[in-house]
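Just below is one structure, and these are the notes that go with it.
Labels run A, B, C and D following the written order; every chain starts at residue 1.
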Amino acid sequence: MTVTSLSPSNSSAAPPAVHKRTDWLPVIMTAPATLALIGILYPFAIAVYYSFTNYRIVSKTYKVVGFQNYVRMFSNADFWEAMGNTLMFAAAALLFELALGFLIALLLNRSVPGVGLMRALLLLPLMVPPVISGMMWKTMLASSSGPVNYIFGLGNYAWFANPWSARFVVIFIEVWSSTPFVALVLLSGLQSLPKAPFEAAQVDGANAWFILNRLMLPMLKPFILIVLLFRVVDVIKLFDIVFATTSGGPMFTTTTIPILVYKEVFKSYTLGSATAKVLMLWVINYVISFWLASRWRKTAASIR
Amino acid sequence: MATLEIDRISKSFDSVQALKNVSFDCKNGEFLVIVGPSGAGKTTTLNCIAGVEYPEMGTVYLDGQDVTMAPPQDRDVAMVFETYALYPQFSVRDNLIFPLRSPRSRHSESDIQERVQRVSELLSIDMLLERLPRQLSQGQRQRVSLGRALVRDPKIFLFDEPISHLDAKLRNSMRRELKRMRASLSQTTVYVTHDYLEALSLGDRVVVLFQGEVLQFDQTQMVYNRPAAVEVGLLFGDPPMMFFQGKIDDQSHFVCEDESFMIDARDNAVGLAPGQEVILGLRPTDVRLAPPGSGQVQGEIYSVQNQFDRELVTLKAKEQLFDIVAPVSYAVTEGDKAGIIIPVEVCYFFDKTTHRAI
Amino acid sequence: MNKRSFQFLLALMVMASMLLAACAPAATPAPVKTEAPVVTEAPAKTEAPVVTEAPVVTEAPAAPEVTEAPVAPEEPAAPEFNWRQFEGQKITVFLSETPMAVAIRSNLQDFIDKTGIDVEYLVVAENEYWNKLTIDLSSGAGQFNVFMSGPTLNWGYAAADQIQPLDPYMADPTITPADWDESDFYPWALDSNRWDMTPGPVGLGKGSLWAMPVNAVNNLVTYRKDVFEQLGLTVPDTWDEWAETARAIKEKTGGEFEGKPFYSVAQRGALDTTTLSGPFYSGLFSYGGRDFHDDLSPAINDPQSVAFQTLYMDTIKETGSPEWPNMMWFDVQQGFTSGQFAMVFDVGDFVPTFEGEGSAVAGKLGYARPPAGPDGKRYSSAWTWGFSMNSKTTGDQAKASWLFIAWASSADSMVSFAKTGSWPTRVSVWNSPEVTEFANQFGNGEFRAVFDKVLAEDVAWLVAPMTEASAVEQPWVKALQDYFYGKGSMQQLMDQVAEEMTQILKDSGTLQ
Amino acid sequence: MKETKGKLLLVYLGMLLLGIYILAPVTWIVMMSFKSKIDVISVPPKFIFTPTFDNYLALFGLGKVGLLTGTTFLSFFKNSLILALGSVLLSIVLGMPAAYAFARLRFKAKESLAFTFLSFRFVPEITIILPLYVIYQKLNLYNTYTGLILVYQLISLPFIIWMMRSYFEEIPVAIEQAARTDGYSWGRTFFRMVLPLAAPGVAASLVLAFIFCWNNFIFGLMLGGTNTQPVTVGLLSFMGTNEVQWGLMAAATVIAVIPLMVLALSVQRYMVRGLTLGAVK
């Protein structure tokens, strides 16, 4: 049986041409951003160096002490309490922000009159700097001069004086100022979903839970992940709101690592050990974000 | 109008080799079809011709010129995409005009209008010119994407599965339209599809791609009549070709591995050596049902599917299942005993390890 | 080698080692590990024309060999003081957002007109102010030639050579106007800004002047006269009476006055070192307690210290606002102004606000000296806002900067500052007709009368000077909050804090 | 989808609740800005009061509240505008090519490089302030717009790169290839096809990045000086040592939000994307 020649008649006997192109395009395109950020990496490297020294910013000399700052940090009860608070706040705030943001996105993902206005309103909390929104909420929640207690008839309940209500309020304020961002991203996610599967599901008489759980959430996953990716870093670095409302009290119940470190730098001056503590946050952020980012890549790829 | 020659191009993505030494050519005015299952490298080949991707090795000649690394806008090719790739922010008219106003093309305003008019009439989309792509049906979008290629006079047309997303009925009519267009335009065209019917009805010649390799490059009829490999046989024909593993015995007989049947292959034994392990390919349309006792295979009717114009009968002989396309008049029912006549000239033998035709 | 060249060599070496010292901490990322520590407190500014004392060891006036422009009185042609001698110089001033800063801004043009020195200034809110200042000084940048400052934080800056002593400037008649009268200052105002670098109480009021005090922040009791009259109470004169009165108010009002929530005492309580500032320290010392012993062992767990803190905290717990653990100074001020409290023991600088247009209690207030302790001791722990100078500022710019300080601390300037409620550090200013008139409007002269006594008799600088002053306050204030929430007895909590304090001092190398 | 009447009612109820949730604190701030000092601290809080414009007048230097007169608030305002706008523009210039490369090009270490960019967001500001202060001092970047815009890249650049990357990825690659084969160069394709298609997303991320820069406090405080301090630092300066000027602070906040609101409203229809890509998805 004859098989037709696989190569065209006029092809030469010489080996095929090799196109070895060094692809400079990615390098060229990412170079500007890389350069800009290397500038930031440099002071960061200095900071990492400090974490291995006993640097006090009001002393003239300091020396490298190896891992002493880290070792002592791990046996420091204050550090662990602050770390617990940081993670607890982050988890609670993210949970509320996601749930509430998703509800808001669902609510505004329709075309009825007034939705445009609501979407614009949604931006308002974002525009109040967190430190200011912290102060404003502090006045609103003031025990006797605040409108919240007055309107809800709560007498003179001191929100910031009870360890648990103080925690709650800090999270609440954080949720108030950041949920709009979550809602916006999820809303644009909802808007980009294809209509067909939902119409089909409705025709099939699927219940709301099925639509939500099996259709909407899986398709929204990349959006949920990216919003987490941006929020998680900020809630772990939560500072402004705590600083403006409780400055870490009562006792240490709202002291987050950034608050602890801030006080350590500016009151105790021990920059070396403070930097070590805050670098732990960097590590945590790195790990969580790395995980989220790789999940995001995967999900995004599988959907495309 | 131009000629195209692909000379041993290779390309890999990450660790996967998408194309291995792919070569073929396309004569002036020829309609060349690239067929293959999904993932065979069809679109990558087309992209290398269009210039939106570049091969790592090999050369692409367009009109005899080496354009391997030339950017797409310098090649003057028109491509129709599988997803249509209509410009969502443009109206249909602007979609059609877009290639005519490119920095490369010099068309007078009246020429542009005239071309748009002609093409939209040809494709019956002249009523849709002011619509946005998202207001169109699938079929309409497909025609607009075709129109966007047809308004130009490119050197070569590239079609990437242009009708595979349409439903069966639309696909049939589009196939007809394409055939008619092909006759009237006689433009050099490379057409990618996974559907053998499109290949058979449209192509002058066919390139069969499988896992990045050219399995067969031949006249359309030859690909059907002389499949060069198991995979080619599997691709062409409906119902698909049946395959049986077996051996050639000393008498040049093919013996199925479970010895359910044997075929005297002496008249068709070119290249077959005794003891050789081979794969036998049979088309259900080529074998005939026979009364029990006659034919090379004896068995029992396993199932009968009535397809109105024909019957698809499955016969079971030991563990082997045979599909046979029979006329409707042929009345058999499940459980009947029957035989199969296999004309030796329709037996395709393939090497067991290389899957290549013998 | 003759004597002259030896001296030169010595000066060179000192300068070199200083350069090393100045550069090492902040600027270089991988600094020379200066384990062989830099000599002593090498005089910070060799280029400064004026002699500096070598601080730690003695107060001996000068090492004459470094002197370029000696101050010696026998210098024959001592040039006359002239405000315009540094015309064309430019200095940068850093201000904290205080009434004093407001007054400085509105009077700044006078200084510029008077001297021809160009002044650029930056104002930042107080909390952020200290942080930015600390960063600026410790980075070695020295952006701000002159900045508002005061005891406590200055000690850290001084120990790190980040600020320079002001005595040489003060003593130089060529740059200090003749009518700028050092003896006019309340002695405690200057003393509280002096430190000889000896950590602990023994270093109080000795050594170089690190800031020129301008605004005296002193404490007194302010109370609601109307409430006291209605309830038939008298003003407490001792801390025990203070606690009793607070309880009596609570009992008699039942926590409500004129239909609004009402508390007896307004004191600071937030998890911030300001909770331990003036008012708290005044009580602690009046009661016979203290922060540190002379040997640097913590005294906060001494019986008298514990007794005071128990009294103080119990009173707050029982009769204060439930918001105490979250009250910053401005919450205290605002709460009292809005009429929620019967008594406040806090700084006199609040008085103009208490009696101002935005106050619900204006005109209803009475004033009293700080409560006395069991043995009659009575303290108002002073704090001052003053001006310090960066040790990077040298030469004519340093002199120009000093002119600014001299101007800001002059009697004339202080009068105008005082009218914003920044009470003066000069006797003559406090007694000037303008300030007297201004102060007399509060409580029909009662405020002035009381504060006059406070200034004359009660004020003392009490906080043990050390670079770790604010560091040791951190566990301390937390322990007070712990007590508020019933996490232990005061003795127990203070014993723990004492240990932490000792550890902090050991970590920093102050204690061996 | 047709909404039933009952469902519509529910939707509006939800919107009402959301409106209250968002607006209540904002209303409180606005009310505060019109209150006199005594009304601000009133117990119980006052909801009906005689409004005063003193706070606003004082902000614009036309009046006096307490000790403060004619503050420099307007220059804070200008600084913030320059800084936030400059940062976002620089981020586009630096970030857009990178975002496009991450979305479209295949190259080694792509993912790790992209993640590295993201990781700059993790850097806790407080750790780098001191080294940055020293460096800025040496390079004469302290108290300059350039210096602050550069450091603001920490906030805006990773955000813009990652958001734009995902918007670019949303655009089917075939559309780009179509434009290329239709005779358009890479650059023309980018500006005629890719950018307009990504515009809604790009606009949305720009506005958000602008807001994030606008809201930054610590960099402005530490690295800005007399001429460059942003509005957030200005707002805090109403926390004087002797009293907090709540009325002024509220008025300043209201004023500070207005340009952001104008900006946001003008791109509101882009803020929620999804108008253009319907046909290609």
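The rule we apply is simple: a residue touches a chain if its C-beta (ideal position, glycine included) is under 8 Å from a C-beta of that chain, and two chains touch if they have at least 3 such contacts.
Bear in mind the structure is a predicted one, so any value in this text is a computation, not a measurement.
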Chain pair whose interface holds the most contacting C-beta pairs: A-D
Separation of subunit C from subunit D, taking each centre as the mean of its C-alpha atoms, in whole Å: 39
Geometric centre distance via CA averages, subunit D-subunit A, whole Å: 16
Distance from subunit B to subunit A - Cα centre to Cα centre, in angstrom: 50
Between subunit D and subunit B, distance of the C-alpha-averaged centres to the nearest whole Å: 54
Residues of subunit B engaged with two or more neighbouring chains: none
Per-residue overlap in subunit A, given as positions that touch at least 2 other chains: 46, 57, 144-145
Multi-partner residues of subunit C (at least 2 other chains): 26, 29, 131, 135, 138, 260-261, 334, 338, 340
Complete list of chain pairs which touch one another: A-B, A-C, A-D, B-D, C-D
Interface residues, subunit A side, partner subunit C - complex: 45-46, 49, 55-64, 142-145, 155-158, 160-161, 163, 166, 245-252, 255, 263, 266-270
Residues of subunit D defined as touching subunit C within the complex: 36-38, 40-44, 66-69, 129-131, 133-134, 137-138, 142-143, 221-222, 225-226, 229, 233, 236-244
Footprint of subunit A on subunit D - complex, ascending: 1, 3, 8, 11-12, 14-15, 18-19, 21-23, 25-26, 28-29, 32, 41-45, 47, 90, 93-95, 97-98, 100-102, 105, 107, 110-111, 113-124, 126-128, 130-132, 135, 150-151, 153-154, 157, 159, 161-162, 166, 169-170, 201, 204, 207-208, 211, 214-215, 217, 232, 235-236, 239, 246, 249-250, 253, 256-257, 260-261, 264-265, 268-269, 271-274, 277, 281
Contact set on subunit B toward subunit D in their complex: 13-14, 47, 50-52, 71-73, 75-79, 81-89, 98-99, 102-105, 132-134, 136, 141, 148, 152, 158
Residues of subunit C defined as touching subunit A within the complex: 21-22, 24-26, 29-31, 33-35, 37-38, 130-131, 134-135, 138, 156-157, 159-162, 260-261, 270-273, 321-326, 328, 334, 338, 340, 467-468, 470-471, 473-474, 478, 481-482, 484-485, 487, 504, 507-508
